[in-house]
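Per-chain residue numbering starts at 1, and chain names A, B, C, D, E, F, G and H are given in the order in which the chains are listed.
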Amino acid sequence: MELNVYLAGEIHSNWRSEIKEKAKSLQLPIQFYGPMENHDRSDFIGEEILGEQPNAIFRDDAASSINNLRTELLLKKADLVIALFGEKYKQWNTAMDASAAISQGKPLILIRPEGLHHPLKELSNKANVTVESVNQAIKVLSYIFDKE
Amino acid sequence: MELNVYLAGEIHSNWRSEIKEKAKSLQLPIQFYGPMENHDRSDFIGEEILGEQPNAIFRDDAASSINNLRTELLLKKADLVIALFGEKYKQWNTAMDASAAISQGKPLILIRPEGLHHPLKELSNKANVTVESVNQAIKVLSYIFDKE
Amino acid sequence: MELNVYLAGEIHSNWRSEIKEKAKSLQLPIQFYGPMENHDRSDFIGEEILGEQPNAIFRDDAASSINNLRTELLLKKADLVIALFGEKYKQWNTAMDASAAISQGKPLILIRPEGLHHPLKELSNKANVTVESVNQAIKVLSYIFDKE
Amino acid sequence: MELNVYLAGEIHSNWRSEIKEKAKSLQLPIQFYGPMENHDRSDFIGEEILGEQPNAIFRDDAASSINNLRTELLLKKADLVIALFGEKYKQWNTAMDASAAISQGKPLILIRPEGLHHPLKELSNKANVTVESVNQAIKVLSYIFDKE
Amino acid sequence: MELNVYLAGEIHSNWRSEIKEKAKSLQLPIQFYGPMENHDRSDFIGEEILGEQPNAIFRDDAASSINNLRTELLLKKADLVIALFGEKYKQWNTAMDASAAISQGKPLILIRPEGLHHPLKELSNKANVTVESVNQAIKVLSYIFDKE
Amino acid sequence: MELNVYLAGEIHSNWRSEIKEKAKSLQLPIQFYGPMENHDRSDFIGEEILGEQPNAIFRDDAASSINNLRTELLLKKADLVIALFGEKYKQWNTAMDASAAISQGKPLILIRPEGLHHPLKELSNKANVTVESVNQAIKVLSYIFDKE
Amino acid sequence: MELNVYLAGEIHSNWRSEIKEKAKSLQLPIQFYGPMENHDRSDFIGEEILGEQPNAIFRDDAASSINNLRTELLLKKADLVIALFGEKYKQWNTAMDASAAISQGKPLILIRPEGLHHPLKELSNKANVTVESVNQAIKVLSYIFDKE
Amino acid sequence: MELNVYLAGEIHSNWRSEIKEKAKSLQLPIQFYGPMENHDRSDFIGEEILGEQPNAIFRDDAASSINNLRTELLLKKADLVIALFGEKYKQWNTAMDASAAISQGKPLILIRPEGLHHPLKELSNKANVTVESVNQAIKVLSYIFDKE
């Protein structure tokens, strides 16, 4: 059984590469998917495809329409979602993706620094498991396949 | 036809009272529901009911379990959800509720100050309508019942 | 048992009033709902609430976002949908609403002039019943309540 | 991950071939499906299989029943739907298929000439992305697989 | 709590009146719904509303389209379905309605003479309860409300 | 807003009366439902309605078919489920009802003595809230309606 | 794209072999599934696995429980269902399977001799296509894959 | 067609190995999945990944959160569930998994010693088939693939 895992969350650090490498070294039968990780391209994909927009709000709407299409499609094909929250930024799209995963009945692992426990308490309570590091998330993934 | 509307979002300002009063003055047949608005009680409801918890993280988890129960039940009975984002705080529970509404096929009105357009772009793109003020949200509610 | 019926379709003729009057004269326990019937207001509701938009396409998008919110909410509360196609106009929103009703498992009555049978053949095949007049639609509604 | 994409819309131009060729030249891992493209066969498939029908309306119903069976099955297996509207014809079946895709939670790309923005405004507002050319649609498809 | 119960099955005997009277005498808070019980009207409702049809098969299709609309709507509003099979007739529409109830997660009581146990074995195995008389079905309904 | 609450669990103590009285004294707008509380009648309802069964296993199956019908219907109409586990008995039907509530997206309050924490750990983890007394459950119910 | 097709209906003739052979000769990428075709084994599978049952009714229930398990599992994996009704027998399980397919949104082809049009009129109206021969059903299957 | 079967239930005997071996010797195309079978690891997986917990209740909650994640994911991918109840232990998680399978429309085979028929009567009534031995369960699995 091969699993599809969607990696939701910030695109400012290399946490996705870290997860992929560790999963590979453990030979876990998992394919990982996620959002566009090039931040500028993600922000300007609307204008790249649809042409110049009237102002920053419409540019954001154009970009997010295409990013949302990508996320919806990949999330729907995922067996499990990992959502990582970092120290910076609003990260409301991450909360949106995590909540969508819960609503679709997909298991959710939440990764967040301990310091964020208070603002993330409702989402953490709904996630299957909340951890503080990529390493712990990998251990949860690995446990799915363990026989003993 | 009477509608149930759930008001998700911050509990630091009196925006819910404002909406309720305006809806009342317009005689809109709407019942409004929302989270516990007493901030301290919301944060400590876990310990209030379940007793002292080992530390702040467990206290948060206990509180959010009861707050989530309330929100899930009221959201499920809602015909429409209004989610308001303010300038302050992380507000990840608001994003979670808004995304849950979308996943359940409930119309969503997003209220946010213009300045937050960039971090809210994905959620805004999924909402039915994004507005900047309580007044505009009331106009959308009112339009549902307008004949001409 | 009182039923909610959504009347989808053109807003250029008075077919909704005709249905409501006939249902009333037959004392059918039905509440009727439908879109904004003031054509100009429907087209400009986006700018009315959200302010001036950059151009005609964005004005249309703003208006349709609010019209779609109204339709989604009322369609979801409907027990049955009647969709009327007239001789003029593209009427793609009517086809969209009719298809949404089918997807949600709501019985659909299609009213169309005989002359439109070819372009409407797929939708007609999916509708529960296709009729040519408001009178026939009323007879179908009436039959739901008939004992003998 | 290989995707299934259903191409809804007119069968009078060769836009499907154009999409397939471009996807192939970009080596996108996509299988494309769609309706019968032989217009006469599509119109007469009912009589071809079920025998002569009493008149044109019944012939249309017989044909559409078989075309709808094909579309329902292939749409259900699709990960994404592209719906193209051209300048001519009523194209209500395209609007029906596009709306069915939305109702089933499948991402929808709408292709339409700019001139049709007004009659398509509601459908466009519900689609994930609206574009004006096959080229733009291909760019959206390609972006789903892009790493950076 | 008032319940809606749909009474599926033959319209050649007065079993529905019997159930209604017994429920009334027991003061059970139940509203009963069912198909058109005038057999001729049920068979000719298609032509009554849509006009003469080309032959008996098309007349049957026209009638069943309207009967199915009625059944779908009333079944969807039902909290429980009772399906009665008699000694005569094919009664495939009764089996169809009973199976639809099961698929929609609605409790199903099957009433059939003991002699039909073999051909009804699969449906009986899926029903919640299979009984042999209207009296027994009433006892099951009554038990739902019993305190002790 | 009046809520329906289903009270799943043992029928050997008077915990349901306790909940109903406390809810009444707090004027909570809640209707409570639950299983047949007369233990003997619950065990013999199959034979009471269907007649003598071949042996104890078939008697149990007959009884549970009617009890399950009642539970399924009332659970489906419930807005929230409270499941109470006591010190004695296997109580697998309580676990079954609690899990059905979770699967249907209905908020679940679990009441169990602290001593049962280990065998109930998986169910407790899925419940919204786990408490140790009827009093605590009432506080959770009450909190749903509290303004501050 | 390979399709799974479930063949519901009588097991007294060799119509399934006929369909499989024709599909094979046309090289249609279809896997066919269906019920146990050995009539005696189907009737006695309950006692074969569970041991002797108290009487014919319980023997039927035991057998149908295992046949229903098989059918439910295979129907759920099917992309399309073909249901054949013959001249003889009650065939209520075929009507049950056909209705389950419709409820699950799976395309349904109904095969029946013309003479059965009246008792099958409701099911026929709900099926996507009704044909009179295996040959016609194969033509519908084939059309799904035809390019022109 | 290869099937996925989830084996829910006790991890104190080697019944899973027995099923796997028999399925293998019969060359049934089935992949089996189940919970962590190392009892200690299952009980301490929470602390193994998340670190020491405040007390036994929190340790149980941490462990069950990870075990539930594993079960939810594997159950969702299963085509059929077998749940085995033994003579000892509370086994409420097995009842929970069995009920979740039923709610998700997955066929359920229940294995239990005859002596447990009374406390398991409601679950047994909802299962597709109840058997007393692993051998009988294998026969049911085998029957799914039998041609005659």
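Quick notes
Note that in this section contacts are C-beta pairs under 8 Å (C-beta built on N, C-alpha and C of every residue); 3 or more make two chains touch, one makes a residue touch a chain.
Because the structure is a prediction, the values reported are computed rather than measured.
Taken together, chain C and chain F share the touching chains B, E. The rotation relating chain F to chain H, fitted on Cα atoms, amounts to 180°, rounded to the nearest 5.
Interface repeat of C-E: among F-H, G-H or C-D, the matching pair is G-H, sharing over half of the residue-numbered contact pairs.
Each chain gets one centre point, the mean of its Cα atoms, and the points for chain D and chain G are 31 Å apart.
If each chain is reduced to the centroid of its CA atoms, chain F and chain G end up 40 Å from each other. Put simply, the C-alpha centre of chain B and that of chain D have 38 angstrom between them. Multi-chain contact residues, meaning those touching two or more other chains, occur in chain D at positions 65, 68.
Interface residues of chain A, counted against chain B in their complex, comprise 56-57, 60-61, 63-65, 67-68, 71, 85, 89-93, 95-100, 102-104, 114, 116-126. Chain H makes touch with chain G in their complex at residues 1, 3, 79-80, 105, 107, 109, 128-129, 131, 136, 139-140, 143-144, 146-148. Chain D contributes residues 54-55, 58 to its touches with chain E in the complex. On chain D, the positions that touch chain G within their shared complex are 4, 31, 33, 36-38, 41, 45, 48-50, 65-66, 68-70, 72-74, 76-77.
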